[in-house]
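Naming follows writing order (A, B, C, D and E), and every chain is counted from residue 1.
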Amino acid sequence: MDLMLYPIVLPIAVGLLCLAMPRRVKGIVERTALIVSITIFGLTVFLFSQKPLHWMWDANRFLRLDNLSGFVLLAVGLFGFLIVLYSIVFMRDKIYSNIYYAYLLCTIGIASGIVLANDLVLLAVFWGLSGLTLYLMIGIAGAGASAAAKKALVIVGGADSLMILGIAIVWFLMGSFTIDRISLPVVGLLPVIAFLCLAIAAFAKVGAMPFHSWIPETAEKSSIAVTAFLPASLDKLLGIYLLARITMDLFIMDKTLGLLLMIVGSLTIVAAVMMALVQNDLKRLLGYLVVAGAGYMVLGLGTGTPAGIAGGLFYLLNSAIWTACLFLSAGAVEDRANTTDLERLGGWGPVMPITFVVCLVSGLAISGIPPFNGFVSKWMIYQGLIELGRGGDGLWFVWLVAAMFGSALTLACIIRLIHATFLGQVARMPDEVRDANSEVSPSMWLPMIVLAGLCVVFGVFAYAVPLKHLIIPAVPGVSYLGFWSPGLATLLIVVGVLAGVVIYFVGRASNVKESEAFIGGELLREGMRVSGVDFYRTIRDFGLFGNAYKGAERSLFDIYDLGGRFLFYFVQGLRRIHSGILPTYLSWMLVGFTVLLFVFMG
Amino acid sequence: MLKSVFYFVIFPGFLFTAVVGLLVSWIDRKVTARVQWRVGPPWWQNFADFVKLLGKETIIPQGTSRFHFITPPLLSISAITLVSTLLWVMLINPHKSFLGDLIVVVYLLMMPAMAVVMGGAASGNPLASMGASREMKLVLGYELPFVLALIVPIIKTDTIRLGEMIRFQAEDGVVIGSWSGIIAFLVAIVCMQAKLTLVPFDIPEAETEIMSGPYIEYSGPALAMFKLTRAMMLFVLPVFLVLVFWGGFGQGSFWSVLLGILKYVVLLVVIVLIRNTNPRLRIDQAMRFFWGLVTGVATLAIILALIGA
Amino acid sequence: MNEIEDLKSNLKDLIIKWQETQRRVYFDVQKEDVPRVVGYIFNDLGARFIIVTGMDTPRGIEMLYHFGLDHLGKVVSVRTFIDGDRPEIESVTPIIKGAGWIEREIHDILGVNFLHHPNLKRLITADDWPEDKYPLRLRPSSGKGPEG
Amino acid sequence: MGNRTVIPIGPYHPLQEEPEFFRLWVEGETVVDIDVNIGYNHRGIEKLCELKTYDQIPFVVERVCGICSTSHPLAFVNAVEDLADIEIPERARYIRSIIAELERIHNHLLWVGLAGHFLGYNTVWMWAWRYREPVLDILEKITGNRQNYAMMKVGGVRRDIEDADIPDILRLVDDLVPAVDMFKGAILDDPVLHARLKGIGVLTKEEVHNYGAVGPTARASGVAVDVRRDDPYAAYDLVDWDVVTQEEGDVFAKAVVRVLELYESVKIVKECLERLKKTKGEIDVKVKEIPSGEGIGHAEAPRGEVFHYVRSDGTNRPIRHKIKSPSYTNVPTFKATVIGGTISDATITLAAVDPCYSCTERVAVVDKKTGRRRLNGEDLVRLSQEKTERIKRSMGL
Amino acid sequence: MKLKLKALTKSPWVFHLNTGACNNCDIEILNVLTPKFDAERLGVLLVGSIRHADVLLVTGPVTRQAAPRLKRLYEQAPKPCFVVACGTCATSCGIFKDAYNVVGPVDKIVPVNAYIPGCPPKPEALISALVKLLGTVK
């Protein structure tokens, strides 16, 4: 079906066109981008309703839309549209907005390409392109961001080359590039290497540890709209899509590899949230939460049980929603406060009520508080883990505890974020902001509300809406899932709140008075403000954690910096080998050739 | 649907839990008084406190929004009511249990603490913020060993349905009939003490340090709500532990119900005794305690459970 | 009696007047010598700092620095006079940390300006107490309080 | 470097009975600086002291601080007796010591209880105060009041202790010993208390010297300063007792010092009572007039040395009366002990010196009439009822 | 409405504040809670925050520094709440009447509902005053 080409070709074409536009016609570019993104979103909805679809070329199914790619494509379309809408106002003053929209549209096209590709080569091409646009988009925010962009390029691009290697091995073993024809048992050295290569590509994209370090960096340095779009939602969708593809379609999984995934997943969860706990920058904190979210999905997919996989995929969808939402609200705060430093924020809740509520809802969702969507998806993952335990895995409780504790830690991060940004004592605020109703413009809060609304709907009507239509079809073998009835529970909570309101009215609710804070008779003075910075300092001061944090500050756990250091020593070593004597070079070549022969023949 | 609402509002939900909760907090106060060589308040004291608070003014600190300040008590009370409803519906009729309700309960039990933190943060008072920060740290501290302790009954009964846990324990003996069960139970009791923020874990309130912390700005009905939540938790949490570790409250027969009540009373007395024979810990000590010793012990319990002890 | 003898011999140039009973010692010094004398008693003799008494007298503001020589059971008091119209004296707080408060108090109630005091702000009088009134001054202008 | 937050403690705070305002600069929970604002209790005595007679002043200085209500008059009469060179009868000396030591006992028990309360250990509070009540009963028996005993006068004491009462008093005092034993066992061996108190708020010997700290605060740091021994007054040179010291200087050592001092005080009281039985005679000497001159008197209050300086010009009123209370030099040591600990440590450290701000901000006024003033109770009740009615009406109840 | 007032008389939570007292009254107030007198029998609790208070128990003459704070605290307390002046100083300034830094008795600053004379009042007097005060609430 040719319509499948449009989501790929249209945005890329328009995007390239925009790139050529002069800066003067910014308004046209904005409008074009908005129209195109709406169109694409509509198109994806249409395509979703028509699935399964495929597009043949040269007797191969080149593009394919099945249940798995269906909802990811839908999400790509949705996020593309929402981010463009958000950017209209958010990006208005930025000089680079023209190229921004161009890259944005191209990215949408490329992402659609990845999702739709049924050919490994095509996939690899789009994958590489997406890494490129990632680099470009991060870098447009200016000088500070270019280092982050480079980091992203090195990590994602490096993983990309591994992916090509993996694809080569797959081709070597199966003789085909077409995904739905391949089914490779992960037994033996080469399939394992292939699997690992592809998995690492996915890990780097979603930012699972130890390939995470580019995400917080990007979050901190780059523009928030970019972060919300790429690392927070789109890259995650793509990465996990790839991981799901390879674990479910491409390879036939084996327990050990599942174990590997689970180790990576739980490590990522706990370590990333612990890092998030002590970050002092709003964006960087959220960046680490994005990383932690990736951990949950990897964990879910790693269980290999239907409930776990479904949970992981549902989590994927949800986490894209809430992290995007969190980043967008952070953007709204930055727009007003001109800072994302937690120490200088505080007391914005009453001034920006919509942003606050949106941030709170998505924050509670990410921490898995019922009845929001986060709870349902986490709970599915837990269930998968317990199922795994029934299947005889002795370590299931380790993963379970990591996941549950991780979610408590996430909650702690969110509370700190909310406290430092929206509640707590009021920091110095520009007067004109303080007095006026400082909510951001509708085109900025509308996308946020849509996303927050999705958090609620996907939570309360978890089974009726997302699971039934999007997730369950994508996962083979989910026969029965025990669902709690979030609808009823929500109803009951609402009833409880109502009962509380009744109590308020029985007590004289009208009998309300405002009064200054109680400081033992003194007045609140300058400096009496518990900012978010020191919220968890106690944890930071613990001996063991203290050292770990110090290590993290010196980026000991950053693969990029480590790699840099390693490369330095490696080059030093190479320099020594470079003696300039021809026979030495020849002998090295011989050794290498022998190794290659051994690998491919044996 | 209507039936659920009835369960929720009247029995065994809000009304029942509130009344029993206020009564058991009277027991708490009375036993405390006896330990301290005092007479203690009359049985209706907590009801009087509650009604009185309803009649008082609500004071909203300047610079905070009413909405953010008033809602946390509501959320905390509805969450704890939901837990109570879930637990009692299952205790009375284990067939109503659904898959994974244990996890739901664990999450819901976290909500009152969250509400306190949010309320404290919304107060705009530095001492309340301090209390909120401490409460959150305390939650982090006890949540890990608490989850670990709950894994032991999951291993023992091989289910995450509360109803099945009851049935299993009725048939094959209670969880604390084994070494691992006892150890996990002790861990859970310590965590429960912290969940109730009673001495030695009343660090978030620490009246003599930060003047009741998150509650500092609350007055009138909103405070009444928080107090009621605390009272209800004093009822619900031991019930939860009795259910998970100690076989629940029995079905039907008078003696088994009496035995169940006895179990609850034993737990209550343990809580009151711990609370009256300890000074308050520092927050860093508490966290070290939970993440170190208690987590270690809980892990030991799991290992024992896995090898079948 | 060793320390007392030490004191007498080491500071004999500075001592103007010496009074001694069985358990009490009072001696007068010039106000410029106060830091030296006090430093000697506090650091070299190791005496315990007790308090400073300030009082307004017709001769000027009288300052008494009390020290305890505990193992002898003696209290040593160093007396000096400050000109009542321009009450200024070198602070001893840099030598004795514990004197910080009493100097602030004397500043509050007698208006003595302690030079080089690290933190000479209000200690006991209320925030709204007028700047130029000193409750313990004898001079009529200082009066009973802001009202009187 | 984190940012610094100011955590206010006070002025009206459950930690302290009296108003004072601490500002703790904290990073997270760690205290990095402290500032103390006092002045809330400053009543202003010294200005009007010159108008009062020597007979009246003991009643005033009694109200400098309610808990040191024997130590201040005692130090004052010591100062006047030093000034006028008065020898008091032996019997009066014993009675002075008995009252002072009973006060120390009830004050130390009070402190132990409050320290428990500050740590959230209310059982200790209740128990300690329960054992404190009999002491107050004894004092009521001897002096007629639970607090503010009005026993001291220049030249002796005001009331005698009847021989008939002595056995009762002895019995009550003996009953205290097992209670103190129990506290010693239960509190000083509690591991959680150790965790909370040991190594917290350490005051070194150097800082004791620098700040001039006195009393248990200094003795817990190994500085054996005790006026009762160094410059004996009352009957302290006539009976046998020891100065309790500890070396650590932390909060725990301060608690230990106080608990062990209870034993010494009991010992002193008992010995004084025994000797009192054998000593007959007057309880005061007649003082005709106070010569001009100056006098210094001090007394060891439960919290440390109380220092009074009296200047007389030969009239019946002093021209200057300087009072130094122990807290005045103990409180500034917070700067040395609190910084570096956490907020929780800070609060117990603040409590550990048993600070007394009414003392610190003494400067009080002498009333024209001496003694207690009891208003007509009935009138006041009626007055209050009327007022309640009025307020209720104004609040629309 | 009646029920709530009735409840108020059964559960008076006390916030204690010292506006310049010598400590004796304060100690006796604490004493009221301890085993010998045990005011919790009557529902009395000592609370840490003014927001929870029903009765402000004020001790001591009001000093110049404390006066504005006392006023502020009175305004910060949730109504209905009562003010009790405890001790001779609080009722009439007593011995500190002429001191330069004393503003006056408590009722000069805030309306007072009950006076408890005595220096210090005995715990029994405190309890009896509280009971009488609450008996007047209708």
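Definition applied: a residue touches a chain if its C-beta (ideal position, glycine included) is under 8 Å from a C-beta of that chain, and two chains touch if they have at least 3 such contacts.
All figures in this text were calculated on a predicted structure; none of them were measured in a lab.
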Neighbouring chains shared between chain B and chain E, ordered by label: A, D
Greatest separation from chain D - chain, by CA centre: A
Middle chain, criterion being Cα centroid separation: B
Pair exhibiting more inter-chain C-beta contacts, A-E or A-D: A-D
Greatest separation from chain B - chain, by CA centre: C
Between chain C and chain D, centroid-to-centroid distance (C-alpha), Å: 25
Mean-CA-position distance for chain C and chain B (Å): 60
Chain A and chain B, separation of their C-alpha mean positions in angstrom: 35
Averaged-CA centre spacing for the pair chain D and chain B, given as whole angstrom: 43
Two or more partner chains touched - positions in chain C: 125-127, 135, 144
Interface hub residues of chain B, defined as touching at least two other chains: 36-38, 54-59, 126-127, 130, 207-208, 211, 216-217, 220, 283-284
Residue numbers of chain D (touch at least two other chains): 5-9, 11-14, 19, 29, 39, 42, 44, 47, 126-127, 130, 363
All chain pairs that touch each other: A-B, A-D, A-E, B-D, B-E, C-D, C-E, D-E
Sites on chain D touched by chain C in the complex: 38-39, 42, 44, 46-47, 82, 207, 209-214, 225, 230-232, 294-296, 298, 305, 307, 309, 311, 319-320, 322, 324, 328-329, 331-332, 335, 361, 363
Partner chain D, residues of chain B touching it in the complex: 32, 35-38, 126-127, 130, 199-200, 202-203, 206-211, 276-285
Touching residues on chain D, where the partner in the complex is chain B: 5-9, 13-15, 29, 116-124, 126-127, 130, 190, 192-193, 195-196, 342-345, 347
Contact set on chain E toward chain D in their complex: 5, 15-28, 30-31, 34-36, 46-48, 50, 60-61, 63-66, 69, 73, 79-80, 82, 88, 91-92, 94-102, 107, 111-120, 122, 129, 132-133, 136-137
Footprint of chain B on chain E - complex, ascending: 1, 3-5, 7-8, 10-11, 13, 34-35, 38, 40-41, 43, 47-49, 51-52, 54, 76, 78-80
